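Below are two complexes that have chain A in common, paired first with chain B and then with chain C.
Coming up: the complex of A and B.
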């Protein structure tokens, strides 16, 4: 199935009749997945600076209202239908990881579930990985996204569409008048230029080196700004707070970062991760060791955002590199 | 070897508190109060297993995780030390005031696995609060367990929590050994720190499991003493504290390595803790 590029916006308009459509677009400060207003141009040259996680896990999200006068709590129930058109395969994978945490672990997160059930993902196969991209080292195929509902790939003057799920079939039906038959030419394989070699037991080796001086060296330049967690599509730590108006108010949750010094500080002052060394180690190990231990897969999808945007030029791929280096050095 | 199984699931929205009422407040020490909590329609908010946790909130201030120290047919109880902003707000509550409660969270003490065994409960300061849920369970099912010993100490007489239990109720069902750190007028009991009292008592490790909770420094020295006395790490059980926000293994706050204290803990054997990264 194909759609002519000049029909793409018409197709989006059909989808926009029943769902809020988000597109990768250039913003004032950074590219991001933004609500499509019916006219804006998609930005497909490279992946967005900001990840799509906000659409499932808003940076600040109402959880419930409380009223101490009435003795009640009222749960928020997000119910907006969202279609992301043009989400990259690495970001699709990040959603699969978030699903593991919020849907498939011991407890289901009802807010995430509501948003996730209402989300349709149309992936955009990557033709031009950025120099910081290394998703194909993290088991993502740049041109394919099995976790998406529809996958589209650039084929000159049209996009080739592959439907993966019932939600994808629904999208196909909505835009059927713009589709033409035709078998796609094979999508040319794409390879990231940044390669990360990692041993199969990377998580074990990392845990064995918990007390290694490398964490000190790696974290030396870190400013503790938390940027890496905010722009990471898979970082999902949150804080819970409240906006209080006397006896009533709203409890909300908001993104947090384990790179902040007061993240794990306890009432009374004790902090189990007192310096940036412990905090960076925790972030990297969560991605590359703890998540694999708990959920069976690495939490880094290789989008490269944290490498691109870290003001201190820290690079998560140095971690497997060090391990690999020490392995080959014997 | 004691295996510790994992916590239960609560249905519905695990982040949504139930509004409950404080029906009784007991002043244990100058900075510890026990709050007895019930739903607005006079029921028990939920039935925790010994050692499980609950997220308790003053809704217009904040919430934090506490161990549940006791339960009755229609209430649960938590003993809370004043250490910060939220606990201050809790201490300012009156009987009849509303709180939010969600839970129960985490795993629990191995009440089944320890059946038939002798148990030595060791507590320091407010650390007796989590242990108390297990002691009460053991006493309520007295014939399921062998010999029960409670060794508890605090800075002063005034800092001993649950005085009625330790001096009146528990001595009827277990051997109690109470100590305070420094001599004081009117106290004719034992004086000295918990670890040295432990060694003085020379408990035999034969068939005995230890449940140990208290300030980190006390735990450290108790572990040295217990090792000297021949207790193996598999038979020493403790509870961990970490900062928590969600209670259900999602917010990421309370991890030690790949374990979440809110989900996989708070109860661990010393042997299990030894396998975790040293970041407590």
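Coming up: the complex of A and C.
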């Protein structure tokens, strides 16, 4: 199936009749997946500054409200239908990882589940990886997204569409009047320029080197901000808080970052991760060791955002490099 | 290799070989030709990894706060902006001159917008100067952001700052890079006090924005690092520029970090304060 590029917005308009459509778009200050207003142009040149996690796991989310006068507790139940048109394969993989945490482990997160069930993903196969992209070293194929409901690939003046799921079939039916015949084999292969070599047992080797001096040098330049975790599509830590107004109030949860000092500070003031060395080690190990140990796959999807935006230019790909280097040195 | 880089490597190597310093902070290469990363040199041979080009952009003075009681002085390469950052932190009693070994490197301007408003490319404090100073080119409008905001109506300004801080993800990179944001403990991290709500909302974001602006206030050295590091590309220098502009217009010529002695304008308590403009 194909859709002519000049019919793309008409197709989005058909989808927008029954769901809120999000597109990668340039903002005044930074690019992100934004609500499509019926006119805005998609931004496909490179991946967005902000990842899509906001749509499933908002930076701040009301969980429930209570009113002691009325004796009521009202739980939030997000029910909005959302379609992301043009989500990158790395970001689709990140959603699969979030699913593992919020849906597939022993506890099911009701807020995430409500949003996830209402989400349809139309992936945009990457044509132009940025210099910091390395998803094809992290088991993502830049031009394909098996976890998406529909995959679309650039083929000159049209997009080639591949439908993967029943949700995808629904999208196909909605936009059928704009579709024509066309095969997916017109799609040229795409390769990231940044390559990362890593041994199969990377997670074991990293854990074995928990006390290695390498963490000190890796974290020398770290400023301990939350930038890398907040722009990472797979960093999912949150904090829970309450806002009380007399006898009424709200419980909320909001993003948190293991790079902040108060993240691991305990009552009484003791902090088991006292410096940036321990905090950066934790972030890297969570991505490359703890998550693989538990779920059998790397949590880093190679989107390159943290490399691109780190104020100190820290680079997570240096971690597998060090392990690989010491392997080849014997 | 350019001559200046050779001089820097030589100076770092000499300092490390002599054992006068514990380590030296400069810039090193990354996998990307247009990015450098702060480099910590501990052994003489590390000096070979030093880089000095138009991308030697990140501020490196703030790292001095990570090591307040070093066994030996810390070597730091200082451009104009780094030297003002160091003056700032010395004046604020956060670092001590005797713990520093400052290798002065007159700067040639980097591939970054903030360098177009730089007023001091030459270091203002150093132990040795590695090459000759050159005059700083006429800077662009010092208050370019503040002027743009002043031109708006009151409602326009509210809309402008709301839009800016709606985009803020509160990563605090602007705080962590800023040499004037040097409190021992930031109010933001005192979570039990509730000073700064942890929710991401317009009001909590604006509270952070306004508090940061006033805590930095007159101590801003105009290095522009806060804007460089902001992952959302927010024009937050407009806030401190406005404070500095008011001081310069109401009180007289003032620049922060040009030395480590001059008094601040806002961060002082004086019973005889005329309070004329409060």
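Everything that follows uses one rule, which is that the second predicted complex is superposed on the first by the 324 of 330 C-alpha atoms of A that agree within 3 Å, B and C clash if a C-alpha of one lies under 4 Å from a C-alpha of the other, contacts with A are read in each partner's own complex, and residues count from 1 in each chain.
The definition used in the following text is that a residue touches a chain if its C-beta (ideal position, glycine included) is under 8 Å from a C-beta of that chain, and two chains touch if they have at least 3 such contacts.
Only a predicted model underlies this, so the values are computations on that prediction, with no experimental measurement involved.
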item	value
Clash-or-fit label for the pair chain B, chain C on chain A	fit
Touching partner for A:252 - first (chain B), second (chain C), both, neither	second
Which superposed partner A:217 touches (first chain B, second chain C, both, neither)	second
Which superposed partner A:239 touches (first chain B, second chain C, both, neither)	both
Which superposed partner A:226 touches (first chain B, second chain C, both, neither)	second
Cα-centre angle that chain B and chain C span when viewed from chain A, reported as a multiple of 10 degrees	90
Touched partner set for A:75, first chain B, second chain C, both or neither	first
Touching partner for A:109 - first (chain B), second (chain C), both, neither	first
Per-residue touch tally on chain A - higher for chain B or for chain C	B
Contacts of A:63 with chain B and chain C, given as first, second, both or neither	first
First (chain B), second (chain C), both or neither touched by A:294	first
Distance of closest approach, chain C and chain B, by C-alpha atoms in Å	7
Intersection of chain A interface sets (partners chain B, chain C)	239, 241, 256
Chain B - residues contacting chain A, complex	6-7, 9-10, 12-19, 40, 59-64, 83-87, 98, 100, 241-243, 245-246, 248-258, 263, 277-280
Contact set on chain A toward chain B in their complex	63-64, 66, 68, 71-73, 75, 101-102, 105-111, 207, 210-211, 236-242, 244, 246-249, 251, 253, 256, 258, 263-268, 272-273, 278, 282, 285-286, 289-291, 293-294
Chain A partner contacts - residues on chain C that touch it in the complex	30-32, 35-40, 58, 62-63, 66, 163-164, 167, 169-173, 175-177, 189, 191, 197-201, 225, 228-229, 231-235
Residue ranges of chain A in contact with chain C within the complex	27-30, 49-50, 59-60, 131-132, 194, 217, 220-221, 223-227, 230-231, 239, 241, 243, 252, 254-257, 260-262, 276, 307, 309, 311-315, 317
